[in-house]
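You will see chain A twice below: alongside chain B first, and alongside chain C after that.
Then we have the complex of A and B:
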């Protein structure tokens, strides 16, 4: 289990960074399919995905985006987090078995609302950016 | 199983709408926790959530956002979908057992790239908007 951070709003600084790595497994794909009911063949069928020009089944974009929950809820700010908004782009496909390194950096703080904004990215092991995004999170007292 | 739509780019029209309802279950929460490793107590502990001013454990925002995968991958455009980008805001908390109705509407098409943009929202059974967002998706040939 990941140790959860417990930063207060005041302890968080501009430029503060967190990162972690995850490997996308078959089990994650199957659980995401169960949750969402999304059985689009791009994620299920090797043949379909190859026919569309991919090298294999493509990982659900929103599965990769799930780790933005982890970034904010476990690392930055951690326990006191409530996510208000997320933006995410998927510049390159992610494939099963790939290890993604997520990096989050505090790019703004809004004192009046106790909210922080993180710039987030994920890179694969070839150092290609597969996800770029932002998280706006409140820091609970 | 949801029947998957198979719209081509040309078949999709501005203003086209899709909607579906989902009930957030304990099983979804537990699977999302397994995928993400996010064990933030806001989603796990009734006591913690109440102490922070919520009426119960809060559903992971990114779990609710998972259904944007379903919207694009199953309904609009369906089979030929590849998601490029997502924006999502969470104006109100979602609680376990709530039934959310997701609505997606085609608000733009970019012929040069075969991409569509959907405006998406989710309302709870009190007709309160709990999620607002956008999906930009490519329609594969």
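Then we have the complex of A and C:
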């Protein structure tokens, strides 16, 4: 279990960075399929994915994106987080078994609303960016 | 320093960007009830974009007193004079 951070709004500084790594497993794919009900063959059929030009089953984009919840809720700001908005783009596919390194950087603070904005990205082991986006989160008092 | 009309032009661009609607033309009397998606999250978007564009910082009490876009323009104008 990851220890949860407990930053207050005042403790968070512009440029502050958090990162962590996650390896995408078959178990994660199965659980995501069951929760979302998304049985698109691109994610569950090796033959279909290869036939469409991919090297294997493509990891659900929203499974990769679900770790943005981890970024905000566990790391930055952590316990005092309430997510307001997430923007996410998937520049490259993610494949089963890949290890993704997620990075979040505080790019703005809105004092009037105790709100922070993180620029986020995930890279694969070849240092290719597979996800990028933004999180806006309130920091509870 | 920007005059009120220049502030209005920049603020109009912010509104168009936040609400993803290039047809928006703001007026002093306009308020949240006139734009369907102007909710609390959009309000934060507007404040963040305004702080960045005009290089000013707003306090929560200043924001709480805003009743319409005219008030917003007044506040930005005052901030730019400080």
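Note that the second predicted complex is superposed on the first by the 141 of 141 C-alpha atoms of A that agree within 3 Å, B and C clash if a C-alpha of one lies under 4 Å from a C-alpha of the other, contacts with A are read in each partner's own complex, and residues count from 1 in each chain.
Keep in mind that, in the parts below, a residue touches a chain if its C-beta (ideal position, glycine included) is under 8 Å from a C-beta of that chain, and two chains touch if they have at least 3 such contacts.
Note that the structure is predicted; figures quoted are calculated from it, not measured.
Once chain A of one complex is fitted onto chain A of the other, the partner contacts of A:96 are absent, as it touches neither chain B nor chain C. Of the two partner chains, chain B is the only one touched by A:1; chain C is not. In the superposition on chain A, A:73 makes contact with chain B only, not with chain C.
By the touch criterion defined above, A:40 lies against chain B but remains apart from chain C after alignment on the C-alpha atoms of chain A.
Once the two complexes are laid over each other on the shared chain, residue contacts for A:117 go to chain C alone; chain B is not touched. Touch criterion met: A:28 reaches chain B, while chain C stays clear of it. Contact with neither chain B nor chain C is seen for A:107 once the two complexes are overlaid on the shared chain.
When the two complexes are overlaid on their common chain A, residue A:84 makes contact with chain B and with chain C alike. On chain A, the patch touched by chain B and the patch touched by chain C overlap at residues 84-85.
Taken in their complex, chain A has these residues touching chain C: 84-85, 108, 110-113, 115, 117, 136. Residues of chain C that touch chain A in their complex: 41, 44, 47-48, 51-52, 57-60, 62-63. Listing the residues of chain B that touch chain A in their complex gives 1-2, 4, 22, 27-28, 31-32, 34-43, 52, 58, 60-63, 65-70, 73-74, 78-79, 81-90, 140.
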